[in-house]
Amino acid sequence: MLRITGGKVYDPLHGIDGQIRDICIHDGKVVDSVDGGRTIDASGMVVFPGGVDVHTHVAGGSINFARAMTPEDHRRTVAFIRSQTTRSGLGGMAPTTFATGYLYAGMGWTTVNEAAVPILSAKHTHEELRDVPIVDKSCCVLMANNEILLDLLEQGEMERARHLVAWQIWAAKAYGVKAVNPGGVAAWKWGNDAKQMAETVPGYTSLTPAKIVTGLAQIIDELGLPHPIHLHCNNLGAPGNISTTLETMKSLDGRRAHMAHLQYHSYGGDDWSTMRSEAPAMAEYFNQQKNLTCDAGAVLFGDTVTITADGPWQHLLYKLTGRKWGNLDVENETGCGIVPYTYRPSNLVNAVQWAVGLELLLLIDDPWRIFLTTDHPNGACFWRYPEIIQLLMCRDFRQECVTQLSEKARERVHLPDIDREYSRFEIAIITSAGPAKALGMPNKGHLGAGADADVVVYDEDEDIARMFGHPRYVIKGGEIVIEEGDIRATPEGREFLVQPSFDREIEDFLRPLFEETYTMSFENYPVEMHRIERPEISECIDVST
Amino acid sequence: MVLVDIRETKSVKASDIFLQIRPGKDFEVITILRALVKEQPVDESQVQETGLTLEQLQDFVDRMKKAKFGVFFFGMGLSMTRGKHMNSAALLTLAAELNAFTKFVAMPMRGHGNVTGADVIMRWQTGYPFAIQFGRGYPRYNPGEFSTVDLLVRGDVDAALILGADPGATMPQPAIDHLARIPTICLDPKVTHTSRLSRVHITTAATGISAPGTGYRMDEVPLPLRPALKSPYPTDEQVVRRIHEAVLKKPDWLQQGNRMALNQV
Amino acid sequence: MSLNIVNNATCTFCGCVCDDIELHADEERIIEAKKACVLGKAWFLNHTAERLYPEALIDGKEATVDEAVEFAAELLDAATTPLVYGMSNITCEAQREAVGLAERLGGVVDSHTSL
Amino acid sequence: MSQVTLRLKQTPDVPLEAENITPDVLSDLPHDEIRALKLQLGKRTFRIDEFFEVEGERSDQVELHGDLKRVKWLGRGMTRGRLVVHGDTGMHLGALMKGGEIDVHGSAGDWVGAEMKGGLIHVRGDAGGQVGAAYRGATVGMKNGTILIDGCAGLETGMRMKKGTIVVGGVVKDFGGLQMKGGNIVMLSGAEIRTGAWMVRGTIISMLPLKLLPTFRYSCDYNPGFLTLFARQLNRLGVSLPVSAAAGVYQLFSGDCSVPGKGEILVWQPH
Amino acid sequence: MAAKQFLLNPSRTAKQGAQINIGKDCPEYEAMVTTVTMNADDMKSLGVADGDSVRIRTEFGEAIFRLEVGRVPEGLLFVPYGPPTCKLMGGDTEGTGMPLSKGWEVEVEPVSGDAAAG
């Protein structure tokens, strides 16, 4: 039992905007009142619901490949020294699993959604997630380049496709479905890409990226997944790609979708030298599309390592940077590329990218539909979120940062003209309440009775980045995990899954196709339940209305 | 299929082209290929020392560029001969560079059943794939410094726990001699050469035969193990956990307090 | 006696890790390993559930697992830089334990990648 | 002249990590605090005086005596002063060094002056592998400074170095100047094989003929102008480089064209 | 008789791989890991025949092997890894972590029957 008294509470779901409230906790949940137990006097402090990361890459084959590729970064970063209660670890661009849990919890984030999991190596992802302590987890399975599914979509066999998608979600023990560069990654297996929404994907006769997107979005709505299609559009990172992104949004035709790392998809210009921000046009369109949510995928200047299932883009980035490059193909399902990268304010393209992320966050008017992410580790590492919060809350600081950009870059962006400053209430929405809602997790992102007792207590501090980077207390599931900057407990997190219904006969269809093309036994393909740490199966919902 | 080796092996029958190179010329051959891929000139007189002609190598490059999807498989003949990791690096670089023309990948042929699992797990837990030292309470990595043969030959370790390996029958003699000098503990389904130079041997169930769990294929795909037998012996997992639990009961050598090392050594 | 048949068994002898092996086993040994290669067959057919070896040896003398575990812990804890080596022919579950143990021991952990 | 003298009392059983033994750390400390400085032996920490006899205090002139083959990280990251070693040293001698001077009357282990940024290291015996190199994964090795090895040097000497000078008196093993990006390596007794492999820029000068990779091209014979200046610099360090056209000429090879790179290898041809 | 220079390549074979599962404490394994394959012409010039014993020496150690004629290139020897090759292998990895495990420069010297037995 625990009571947090006297704090200024920010609970956007219940419209609480800095009023003094007590938060009572019993048995891991927020309750109306408790008798006895510890009391935390939060007078003069700020109380938030635990952070929720809607899109991050913290576990699985690709981030683990990135770890292997960056020993030089591990050496220069902060090291976690083992203690009697904590494991050792390394922070940096691609933190180790234990460090990932400590770093997220250390800044008050208590739920993370691993955004890209191939079924074939989903066992790996879940094993790694088990070693990410403290936070609750979920993951999205990659689907938009799965060749068996693409064949069905091309043939218009929607019902069978729906059973297949449901089967695959359960096989991967996933929570949602991620589509990455629909059709493009499949084409990359032959060295090609798919850039136009209405053009046939190489290797198919009529299938287009648009058909993949709409087909999947429809199936996901029919299945009633709590989280809509998690969409990484085609043509990521390319100048002028706003047209592809808008086309994608239009093709959804009112269906639910979450647009991942929108920053990377909102560029104008014809080539690298003319690339510019199209954040205002994107925001203007997006503001009207109530069916959509998005996350920022914001960029911060500095070193990072980029990892994405978007193989063709990563090969291009490797050619542009001449740095290290790793590529993984995952049989018929997907692939991924890994390239270490440094974002520099002096670089025109990087400057535009930096501005676009912030511009989207500032120009999209409904904070319930855009969330704070950096597409970790692509735009920046997740442990730099407090820096973005500072940029959003403080116009003067932002303008000071703009002066780092070259004259030329400043002409390509709109940030200098934007005066909006986020309130704490809005920050609580984009870091917690909003993403929890978009993920369809009713017990996350708020502090009402029945919510999971994930609570962050900050000291008030004029230095916004310091305030949000160093919470005084972090409570996870009712347990104090961080106190005065020290890790006090490292409980295992839970994992959220969904189990959409499907016809078992789909296995009869799938098995021969699988056995013909895959290199493993069909029986060994699905993830067994015992691999999931503290599973919690979420209900599917009715989205027909 | 193109086979490259220093002698005719049984695989020659299965291959379309056999390139027999001279021993120890791997790095030279691959470096020439890298140059030819980029249409850079090479010194023809020196090419002959590889055992191949420029025509053969040029033909090889042309075929690779024309392939729709190429794969290099490589093994110990590359990584354990003169040049070692640089030979492997050369091949990986060649594969990367061929992607400017077509799709090409490279895959190491791993000898041991779950060496990939060890790589993968050490990476996610420590950031590094092997040769990791925890003496300062956090992971540090340096092959050549913290790798087993170096540690044993130089006498840099003062006890050893050997899990599912028989270094007593495979390592250089000076390394074996050091294992015999220090307290060595060995877990294996059989009594091995290493068991005989160990102070402690514990017999364990055989992986995947009588011990359940997971193994990683060399392309990093995890697979479940389905044991067919029930062993009278405990599994490695159980024994290591019990040793760990016994160690945890002893006073901790690490001074509590520092959680973070801001400057690593 | 009825045979225990295991389908889609996984062979961990070499890095290919084939997972389509059909095993036929009695109580003590695998009689048949269908679809396994020559190496896989040797692997499956020569590891049995028989008690062929003592459960533990200390300085060459038979001992119980309890005694061996205690003594092993003592030796490893007393060392300044203990080495945990091998790792490649054990399960991932055992590997995870081993990395944790090496960390607690303040030693070195290394696999067959280095030889 | 005040100086701090450390004499090794006993050879450690396993390597001793002594990153605290640098002029920077010792120069401001009184005698008893020097004695109490920490050394790392495997997982345990010890006081310096448990392994060394300590004389003197507060000096950036440091002298070490004994067989220090198992002592690692001497002079790590030092910025000033002088470290003289009478005996062999272990790995990472002067790694990440920024300034000052190290003089070893003996041999040194692997990674001498790895990723150093300035200063001078003189090893009078042999050195191990990776002299002035980049650590695993890093794209840049030595960034500046000078390393003199009187004896032989091991594998990958000057790997990915960007600037600075390495002079090796004895034979350099395989991959000297591997992936070099700049700077100079002087090989007074030549090298084994694969010299300059994958070099992008920089200069390797050899006094003896080299077995080069087929991806290096002979360009011309000449006596480059910059060598006169460079030889004068080296002369101050006690290294003489022939520059007289009367005595001979340098063969210039360029490569490594597999990268393709613009590195230069100069091989001395006496008349 | 004079010693001759060869390049020795320890390697793995399918037979040896199978045998290590059966057991290493038996004559079959012993025979495998002490059998070196040599080209027929090399045998002639060394003055030895199939089945003869030779002493193989590196700068690190020596061991006795039995010769077997095989289709291998001139100047090269092949042998499955095992305890005898351990004796020939140097431990210095030169900072790479990997000892040189193939392509050793060795001296091969015929031995008489008595020495072979010893």
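Each chain carries a letter (A, B, C, D and E) given by its place in the written order, and its residues are counted from 1.
The rule is short, and it goes like this: a residue touches a chain if its C-beta (ideal position, glycine included) is under 8 Å from a C-beta of that chain, and two chains touch if they have at least 3 such contacts.
For clarity, every value in this text was computed on a predicted model and none was experimentally measured.
J.: Spell out the chains that contact chain A while also contacting chain B.
T.: C, D
J.: Name the chain pair with more contacting C-beta pairs, choosing from B-C and B-E.
T.: Result: the pair with more contacts is B-C.
J.: Of the chains shown, whose Cα mean is nearest the mean of all protein Cα atoms?
T.: Chain nearest the overall C-alpha centroid, as shown: B.
J.: Just curious, how far off is chain D from chain B if you go by their C-alpha centres, in Å?
T.: That gives a centre separation of 30 Å.
J.: Mind checking the centre-to-centre distance between chain A and chain C? Centres are C-alpha means, answer in whole Å.
T.: 39
J.: If I count partner chains per residue in chain D, which residues reach a count of at least 2?
T.: Correct list: 13-15, 42-44, 110-111, 129-130, 135-136.
J.: When you check chain C against every other chain, which residues touch at least two of them?
T.: 7-8, 10, 13-14, 19, 43, 47, 79-81, 92, 96, 100, 103-107, 114-115
J.: Hey, what residues on chain B touch two or more of the other chains?
T.: Answer for chain B, listing residues that touch two or more other chains: 82, 111, 119-120, 125-126, 129, 131, 134-137, 139, 141, 143-145, 147, 149, 152, 156-158, 170-171, 190, 214, 216-217, 221-224, 253-254.
J.: Which pairs of chains touch one another in this structure?
T.: Chain-chain contacts present: A-B, A-C, A-D, B-C, B-D, B-E, C-D, C-E, D-E.
J.: Which of the residues in chain B come into contact with chain C in the complex?
T.: Touching chain C from chain B are residues 109-122, 125-126, 129-135, 137, 139, 143, 146-149, 151-152, 156-165, 167, 170-171, 182-183, 185, 187, 189-191, 195-196, 198-203, 206-218, 221-237, 239-244, 246-248, 250, 253-254.
J.: Looking at the complex, which residues from chain D come into contact with chain C?
T.: The touching residues are 13-15, 41-44.
J.: Can you name the residues of chain A that touch chain C in the complex?
T.: Against chain C, chain A makes touches at 82, 87-88, 127, 131, 520-521, 523-524.
J.: Which stretch or stretches of chain B touch chain D in the complex?
T.: Within the complex, chain B touches chain D at residues 27-28, 31-32, 34-35, 38, 40-44, 46-47, 82-83, 86, 134-136, 141-145, 155-158, 253-254, 265.
J.: For the complex, give me every residue of chain D touching chain B.
T.: 13-15, 17, 19, 40, 42-44, 70, 73, 76, 91, 110-111, 129-130, 135-136, 174-175, 178, 194, 197-198, 212-217, 256-260
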